[in-house]
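The structure's right below; bear with me while I get my questions together.
In order of appearance the chains are A, B and C, and numbering begins at 1 in each one.
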């Protein structure tokens, strides 16, 4: 395709390019406005998550202010809740609860899902059959519902909520990995490796793994947002973080008892929205870079590519370039 | 008068794809346009229908009868498309909508262009299917494309193209996607239609074998430029351009074919 | 609640023949292909249904802690007679497979246990909650599908231009919304501040619910010819549907855009252009029809996300559906209640996917006629 050749982006995803014009240039993915906005916001929240205890004005659980102060009064920038706790301090501390846990649970889901999916795809036959039927089972429920049921059975706690979230998150990775491995297993270079005497493990790790990283990373990036929504949703239901932990979902839940104090619920929700949005922006940009079929041409970059409708026309013209 | 006159056509899709192309199609004649993929032959046929991307820069002149195509707005283009210039695509399993019946696809443009009512359009469609020799036309109208064989599907696509009695037929590799056994039948059909309807045909293909069978005149295209244009007989007997000879040598049984190596 | 990349990567239960078998390949003829296809789908659904019960059974019985105490509540569990009666009734002194069969038998008789929060049988509670939730869910799907189809199609046609970028950001933001928070904020704003929508519940307190036919108030009012009731019920639906639609539109739009793009690149759309059909004709007759199959698949997935959403949103509006019930059950650690919701939603989801399969068969002549 002419258009692809003309565009600076690389369909193989993030990769540091050679310095040009004396400056190191970021990979194309990270130069889109969406990805930049996402990365900046996400980075800011991650910094907050790890440093908040050092600089918030009050301990998050301290009930040392008047109750239900509106924002901006008496040094409480975002006001206080029904117990007289500083909402700003709680909000910032909340980042340290949700974000690391969400990242961890996505990582765990990726590991579990890819191992199961890769085994199913690689070994095939009954291994595939058994593993995928189990995967189907977990996908037979809408995610929040299954997570709710699991978390409730295990008993309400943040830890159990994370377990529940992992239980509902891994199957998608298993699905994707399996189908990718199935596709790759028959590739000549993989077969060649096996004929050279590579063990199944080596074949999986050396020949197959590099080619499934891309799609799995995209899926994971998009999943971080879902994980944050799920975790805070469970806490909203009372099945996650327990009082007095400062957690965004449970903070919103406590606002249900104080409809007049609009600020109690407003800010934690904005926090969730911005973090999830940031990770979704990143994930979507990564997907764009990886998957040409969903690629959105950047009008801003000045390269106006032909609409997809005409790819056929262009295809015919690309070969003689 | 010529049915289609292309004069000094230039198409730029980020880089020049067709350069200074001129071609004339006469009623009842089949003009072959040969070249390897990427030579710009498909782009040429799309340009005639104004189907190139909006970003394409097209200059020169394309005249259908008296109508200049280049610069025409969609509304006006649509009075030419299908009605005066029709097109048959390479792969009928892709160019027919899988979820619409053959009857629907055979009549929707007829009803738009020729202002026929449902009944008249259906009668017209039946006639067409009979003409292109699709068996059991009545039943065929209610069937979906996947229920036909590849060759029959292309016959249906030809019927669709002919439905509004166009002056010009653009056929882009019409036999490439088909089994060798049915290719000849489709080519013969195109030849017959050109003769009986005084249809001007532009037959685009990479396969000189196809053109040797039915084309009246042949133009050879390479990298956006027509390198040689001649009658069929002249071209096959006395090719002038090196590239034409190269193409001819790729044909099996051609005198230009390289002698098989003996090991 | 993940962003569906393509239908291949995230798919609701069961593999649909969504790979769109190229029409070119001839397939062996079978007798009544649609029926065979549906029977296979039905078989899969029944198996998954059993699977769902195994999951809920396993969760109630295999988790740490005392299942009897969990099912009866701490108070009743301290009475040895109650416990003995319970153990006997559910065969808890039997081996696990037998327990499961007892559990399954009870399910088939509609016995989901007794709610600790309401004291009523869970089945009774859910019977009134299900229609309330379906009313929101169905209306939301209809609204979001319409909006997302317009947005996604426009974005695909304007690929790479400003419109496309705006639609992309809007749908990504929609996907990032914590719905339970949006419900709270919009309830605060549109009801408490502006008073432009009615408050919580399904109906203004002064009105009596319509005679139950479908359980959907709007429909039942209409069937009863009660215009005032219909308008009131619809007004109560506005805010929950609005909140859930924002998320669902985000989910659907991106996917519809991709599907439409794919169809726009197809030969049959180019052929339709070459026929001189009007652009509107091409959109409705060719493009959207071609995209309908992948869109159908994603609607099934979106419906699952939507059921998840209602569980989080309803309680804010005190909407007496599965969501509020689940919220109260979760808050009171009412395990039978939660399991009941899980099971019922699992069933609804499976039922819905079966309907999607059915529609799939009807929309795709290649499945219907083979």
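Keep this in mind: contacts are C-beta pairs under 8 Å (C-beta built on N, C-alpha and C of every residue); 3 or more make two chains touch, one makes a residue touch a chain.
Keep in mind that this is a model prediction, so the values were computed, not measured.
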At the largest C-alpha centroid distance from subunit C we find chain B
Please find the two chains that have the most C-beta pairs touching each other. A-C
Inter-chain centre distance, subunit B versus subunit C - centres from mean C-alpha coordinates, in Å: 49
With centres defined as the mean C-alpha position, give me the subunit A-subunit C separation in Å. 23
Residues of subunit B that touch at least two other chains are 51
Subunit A residues touching 2+ other chains are 304-305, 307, 309, 312
Please output the residue numbers of subunit C that touch at least 2 other chains, ranges allowed. 267, 270
Enumerate the contact residues on subunit C facing subunit A in the complex. 1-3, 5-6, 8-14, 48, 51-52, 54-56, 59-60, 63-65, 70, 159-162, 164-165, 168-169, 172-173, 175-178, 180-182, 184-185, 187-188, 192, 254, 258, 261-262, 264-265, 267, 269-270, 304-305, 307-309, 311-312, 315-316, 326-327, 329-331, 333, 335, 338-339, 341-342, 345-346, 349-350
Subunit B residues within the subunit C interface of the complex: 49, 51, 74, 77-83, 86-87, 89-91, 93-100, 108-109, 112-113, 144-147, 149-150, 157, 160, 177
Could you please specify the touching residues of subunit A with respect to subunit C in the complex? 34, 133, 136-146, 148-150, 152-156, 172, 175-176, 179, 215, 218-219, 222-223, 225-226, 229-230, 232-233, 236-239, 249, 252-253, 255-256, 259-260, 262, 265-266, 268-269, 272-273, 276-277, 280-281, 283-284, 287, 291, 293-294, 296-299, 304-305, 307-309, 311-312
Within their complex, subunit C touches subunit B through residues 20, 22-24, 26, 266-268, 270-279, 281, 285-286, 289-290, 292, 363-366, 369
